[in-house]
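Order of writing sets the labels: A, B, C and D. Residues in every chain begin at 1.
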Amino acid sequence: MNLQSILSILVFSPLLGIIVLAMLPKTQEKAIKAVGFLATLPPLILSFAVYAHFLAGKSLSDFSVSVPWIQFHGINAQEPIFSVSYELAVSGFQLVLVVLTSVVSTLAAIGAVTFIKKEWKGYFMLFLLLVTGMLGVFTAENLILFFIFFEVTLIPTFFLIGKWGYFEKEKAAYSFLIYNGLGSAVLLIVIMILFAKTGTTNIELLKEIVGDPSGPLSADFKLGLFIALLVAFGVKLPIFPLHSWMLRVHVQAPPSVVMIHSGILLKIGAYGLIRFGMGIFPNQFEKLATLIAILGLINLLYGAFLAFIQTDFKMVLAYSSISHMGIVLIGLAAMNEAGIQGAIFQVVSHGLISALLFFLVGVLYERTETSLIDNLGGLAKGMPLAAGFLLAGALGSLGLPGMSGFVSEFMAFLGLFKVQPWIAAVGTIGIIMTAAYLLRAVLGMTYGRAHREFDGVLDLRGVELVPVVVLMLLIVLIGVYPSVLSSPLQATLETIMLGLGG
Amino acid sequence: MSSVPASAFLALALILFCIGLYGALTKRNTVIVLISIELMLNAVNINLVTFSKYGVSPSINGQVFALFAMAVAAAEAAVGLAILMALYRNKKTVHIDEMNEMKH
Amino acid sequence: MENAWLIPLFPLLSFLLLLLIGKRLREASAYVGILLTLASLVFSILVLFERFSEPTYMAKVNWLTIGEVHLTAGFEVNQLNALMLFIVSLVSFLVHTYSKGYMQGDERFHVFYAYLGLFTFAMLGLVISPNILQTYIFWELVGVGSFLLIGFYFYKEEAKAAAKKAFIMTRIGDVGLFIGMILLFWQTQSFEYSEIFKAVEAGSVSNTMITLTAILIFIGAIGKSGQFPLHTWLPDAMEGPTPVSALIHAATMVAAGVYLVAALFPLFLASKTALLTVAVIGGFTAIFAASIGLVQTDIKRVLAYSTVSQLGYMMLALGCGGYVAGVFHLMTHAFFKALLFLAAGSVIHAVHTQNIEEMGGLWKKLKLTAPLFLIGTLAISGVPGLSGFFSKDEILVAAWEGGHPVLFLLALIAAFMTAFYMFRLFFMVFTGDARSEQRDVNESPSVMTLPMVLLGILAVVAGYINTPWFGSFLGDWLVDGNPILGAAHIEGPAWIMIAATVVSLAGILFAYFIYGKRSIAPDWLSGKGDMLHTVVSNKYYIDEFYQMTVVAIVTGFSYFLRLIDTFLVEGIVKGVVGFVQGLGRTGAKMQSGQVQTYGAVAFLGLAVLAVIYALTGGYLR
Amino acid sequence: MSLETFQQLNWSIMTPEFIILGVIAVLVLCDLFMPKTLDRKILGWVGIAAVFAAMAATAAMVGGPVQSILHDTFRIDSFSLAFKLLLLCGGVLVLFLAVSYEPKDGVERYQAEFYYLFLAALLGAMVMTSSGDLITLYIGLELLSITSYILAGIRKFHLQSNESAMKYVINGGISTAITLFGMSYVYGLTGTTNLLEMANKLVTLANSNHVYLLTLAFLMLVVGLAFKLAAAPFHMWAPDVYQGAPTPVTAFLSVVSKIAGFVILIRILLTVFGFAATKGQGSMPILYDMQNYLAVIAAATMIIGNVVALRQTDIKRMFAYSSIAHAGYLLVALTSLTTNMFDSIWFYLLAYLLMNLGAFAIIQVITEKAGGTAIADFAGLYRRAPVLAVAMGILLISLAGFPGTAGFIGKLNIFLGAFYAEPAHYVLASIMIATTVVSYFYYFGVMTQMFFRPPADDSKLNIPFGILVVLIVAVVGSILLGIMPNIAFDFMQNNLDIIGDFFK
């Protein structure tokens, strides 16, 4: 197979599943589920193949593809002045996220079999569209293509939340749509300004043009663009005070969607900040590093303190996500290898951990029809496996060494302590608070006296164990042997540091 | 003849236009509203004819234009009245302020 | 020694095996755990003996690359590590064996062994780490092992609370270590102990920085070793099964704090302030915890406070520069405190209560446990001839010679109290008449008593490897090649030894008169100061104080943030949405259905544009 | 002019118009002489065939030179061809809707009128695209308007239809008067009605009084023509008229009529005001001078359209506001005045034509079945007719401007122009993007009804052939142009040199 076509196949193969699904009658539930699951496998296999290719020491640029696509013509009929190419590529950083996406997608597809109770056909069609969107986001090599895939993720997510969610699903879906719509609107403004002013949206070219002090953009202008970018991705990440949509989504969306949402969609924000914010606007990033560090600190503590008093475990996890994204910001604000690598690690790590935790919450809700901490208790008796994994997941989340959360937290703080020791020191309160709120919540649900009404609940079983075990293994793998993640990142880090240094 | 300056005709047209507009926007009876619109169109005709004689570079085009405008205005008035008739049959009123079946 | 890295892996294997197939093995799980820890023990002994003759061994591999920085993982066998490996694997092995009897019949038997395996793995990993980062990693894992074991009886609310408290309290300390470690890294560009010491020695780190990092790291030790003010979790941790208390909360994990200070001793030596802090906190904790121990009625809690107090002793020793004294006491304490806990477990196993007021007269019933308990009691009280005597003496000498007379006095008083409350415990449990109805009080099975016997022997003889009389073998060995750690043995005036003996004997006698012979009424003292007694028996209200300050502030602040979240953040959103919708409503209202309005609006629009043009473009230009 | 010269004129360039005109005549006669019992639907198909023929004739002229007859009053240039094609596309799709239009109270009796009035209106619009003279422009405009008035009221016994027609006439009359008034000043200052001659004369304009008068005329023309675009401040008729008019007519008004409005606006603004100097030769033209006024109108249009649409419960009214908003977007492109303005307006109109007509096709099906026009009638459409719901979903997504659809590329193109222009219209483009986000609310409100709500009745919907054709064209077109927009761009670029031809 031609290496250049691999990325395209990887990104668009789920669409094949959509076509097959469209032809299946609604009543063939088993076949629908099977197709929905199977369609997530090609990206999974291909992404690991690409990873293997990297491990074999070959260049990732073998996969880059660039085909002319749209020409927005200008005054001269023969020569288009604004052209957008269809460009896909992977760097180490992108590869890591692609692998994460394909893994979590496959697991979420498995999860959907458990969690989704109606209209599988529609669900899986939208789900596969979402998968394509996410994969595209992480492989797009120019801003327009990135934006297109970015928006492609919005619509299926809206429907997945709005149709298959819990009681206030529509409100949550609208919140999601409007916040993200605004975020992407701001993003679009930035993209189009860059496009109009520089004539390209290719990220590598933009790096050069924007980095050039004698380029077409003035310094203030660039700063303004960067701030807009920060806001745009701040919605997605989310950065305080742009977070309230995300709480609703996490509580109302079906668990398999939250796995994707919290595991990957939120990560697009971090990805964008690193790839575009830091990649294209390194100097502006540097100028605002302190601000970003403070924003990160606020996120970290705000999320942690609010998670401490939530009564619904899903809300705890939602605020915990805010808190953990604070660590991403903190790492980025450090502007050194340790910090940035920590931030990227945190992106991956939180993706895995939150997918795991939300899956487990989904199972708990499935069995007990509540996720209120006070209504639960002593679940370790009836469902020891679920409780055990929940506890393990929580420990991973609070940064227990040996799991991925620690490595990322450690590096982020390591980075920040070098440049902003005071902010970092205050931030460590977050480490304590994380332990406090997670243990409060998890122990509240699994330890203590067992509630009688949950006597007969079923533990994790059969296919439900697959996502849990796979995620747990990955979390531990990264925690124990972080090089598996850090080695693809080195080249990306070097490029970023080069941008920062120059 | 030339003692009447062009500006007088133009002012007349403007006044006529305003009267027409006032009528069109305030009268309750739809027939009067349609007539007021005719008035506005006629103001334009005065303008055209004036310019055709006293314009920056006088030409016959203005008068041709005026003829066309008159013809079209007649057609428009006819259609307007026809529609008003249809409406009257259904609603039994010609008062324009009562035509608020659809709003907001 | 090249294979020392295998030592922690055996228990890890045990953990993983038991997690996967433990449910099927049921009680046979014990054999997996026992055999694998035995393997660790054998290896540890081999390593220890090898280390006597060979120099320090160190190996490392690349673990994580951050740009130019390569963080490594590896292991190191130096004197302290080898000794710790031995202590930990020994106690762990004994506890594994003991638990076979103690946990008999528990339906989560295999889980217990799995947890024990995890903990042992972490603890062995901790003591074998060649760099502070790895130490920190295992440090946290040890905490988790402890947390899991404290909360082993998860259905008990107290166990749940205790587990949570233990984790969070130690985590507070850990953050200190975390910060200290990172600051050290940026000062020295390395996490390796050897590199750090080199940098400190070379003076490339400023004094303030040394003091700051040392104190931060010491905060970690405070958390783990239950020193004041982070001590409150340790007594609560007694909710866990008793073998756990012996292993974790007496012999090994809580000593990790002391170990950490010892391992980083050169750093502490470089800062007078840090050293003094260690000494003062240690000294204060020693007497503070001992005073609470005086009035506790729960057999395990008395031992727990005693542990806190003894750990304070060790800190005091280190803080006064008595490296050998501290490590020595760490070792002897591990033996006799493990013995005491196991014996206490045996008692509890027999009478099914932990309240000493309900015990009494067990001497005759527990023929083996009782003498062993007495040995432990004598050892901890510092009666001459037993291990505790020698190590405690070293500490007192170190405090005196280190120039801290006040701390010396505190230590002496603490020694008196220790002797007093330990014998109070002994007399109340084993002598007199049974104070409550006790049925089927039987001696524990031999699988439980054998480990106790072994520990009993060690509690007696372990002291002789480092005595003023027969030579300081341990001390010589420990400081061999590291003169910076201080003298192998500090020669103190003879009166100190005499004073120590007198004080401990006085304590014993005092206890005997009150609780043994009952010639002095038990409320003789407590009756004098009602207030004081209440305060002490409520543990100086420290828990309540934390509840009212830290917890209240955190909760209050959280609720305050919630107000912000609901009113400010959401409020702004609602405001914007409301504005847009209001705009829409106004617009819709203007759409009145009146066709003339529409025309008027259009004309108005034209007029406005024309006027604006007239004002800006036409006349005003 | 002698008969000889009359015959020598190159009448062939008017072939499309003649075809339509001829068919109108034929249809009128057929309607008169056909037995009353015969179904008039056949006439609709004849009309469709005619439009196709006209389209073919137009397409055949693509790529040819600029031609004009009758003293330059009727011209064929790239601009007129491009937009004529659009109009014909729109026209044919609307006719497809019309032949499938069967409301409960019936329009059978004047069904034939329906078709030839449509054709007449279309003819008016076509004449507008090819006019090189104010008079022909005006005649085309009025032909379009007057037939539209009748079309809006064609359901004679339907009160809302009558009312909408009445409102349309009155507002239309006022707008015509204002437009004409503006035109009369332009004529007065140049002495000619030929657009290019006007441009030539105004290049050297320096008299500040004349400039002042001309600028007022500019404002009058813009406001007057805003009526056709349904742009602020002359937008308020649109919701009422759209709601009351028969659905195919609403579709016609929202698409064909709007395209025609843009054609005339561009033609007049660019030729006349694009050259009219403000301070003598070489100074800034009035059009550029007045850019901010256009921007204000565009912004107001977008804001009003999108914001008021939020409050609507009637689907046709909602689409009226939506079409107001889209007019605003198009005005942004016009305001930027960049070189790719024609491309972006043309492309956006094409995309808008497809998505809006597709949406109206579905609206027509639903409202006919439900007998009302409430948005709530869409409830549970996904259950009743999944294909229809998905198609509507795609069209709404395109209207909202999500990627993968033509609407997105269209918007992208407009943004590009707005940012590329010198000076760049940051605020205007930002308003456009922000109001687009507001539009998600109401577009997705329909989605909510279709996909999330349970249906009120479970009856199946049958889709007439005409509707099906429109839907397929609309959906496939929207997606195709969203993924491969270069099909359209290349066609424009390779065959139609609008900028080169425009002033020849």
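What we mean here is this: a contact is a pair of C-beta atoms (placed from the backbone, for glycine too) under 8 Å apart; a residue touches a chain by one contact, two chains touch by 3 or more.
None of the values given here were measured: they were computed from a predicted structure.
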To reach subunit D from subunit B by way of touching chains, what is the minimum number of steps?
1
If you average the Cα atoms per chain, which one ends up farthest from subunit D?
C
Can you work out the whole-Å distance between the CA centroids of subunit A and subunit B?
64
So what's the Cα centroid distance for subunit A and subunit D, whole Å?
43
Taking each chain's centre as its mean C-alpha position, how far apart are subunit C and subunit D in Å?
78
Whole-Å separation of chain centres (CA-atom averages), subunit B against subunit C:
96
Taking each residue of subunit C in turn, which ones touch at least two of the other chains?
588, 591, 593, 595-596, 599, 603
Interface hub residues of subunit B, defined as touching at least two other chains
21, 24, 33, 96, 99, 101-104
Could you list which residues of subunit A touch at least two other chains?
none
Subunit D residues within the subunit A interface of the complex
339-340, 343, 382, 397, 402-404, 408-409, 412-413, 415-416, 419-420, 424, 426, 429-430, 433-434, 436-437, 440-441, 444, 447-448, 451-452, 485-486, 489-490, 492-494, 497, 499
Within their complex, subunit C touches subunit A through residues 62-69, 133, 136-138, 140-141, 144, 151, 154-155, 157, 159-160, 163-164, 167-168, 171-172, 175, 178-179, 182-183, 185-186, 554-555, 557-559, 561-562, 565, 568-570, 572-573
Could you list, by residue number, the parts of subunit B that touch subunit C in their complex?
21, 24-26, 33, 96-97, 99-104
Where on subunit C is subunit B touching in the complex?
588-589, 591-596, 599-600, 603
Can you name the residues of subunit D that touch subunit B in the complex?
134-135, 138-139, 142, 145-146, 149-150, 153, 156-160, 162-167, 169-170, 172-174, 176-178, 180-181, 183-185, 187-193, 201, 210, 239-240, 243-244, 311, 317
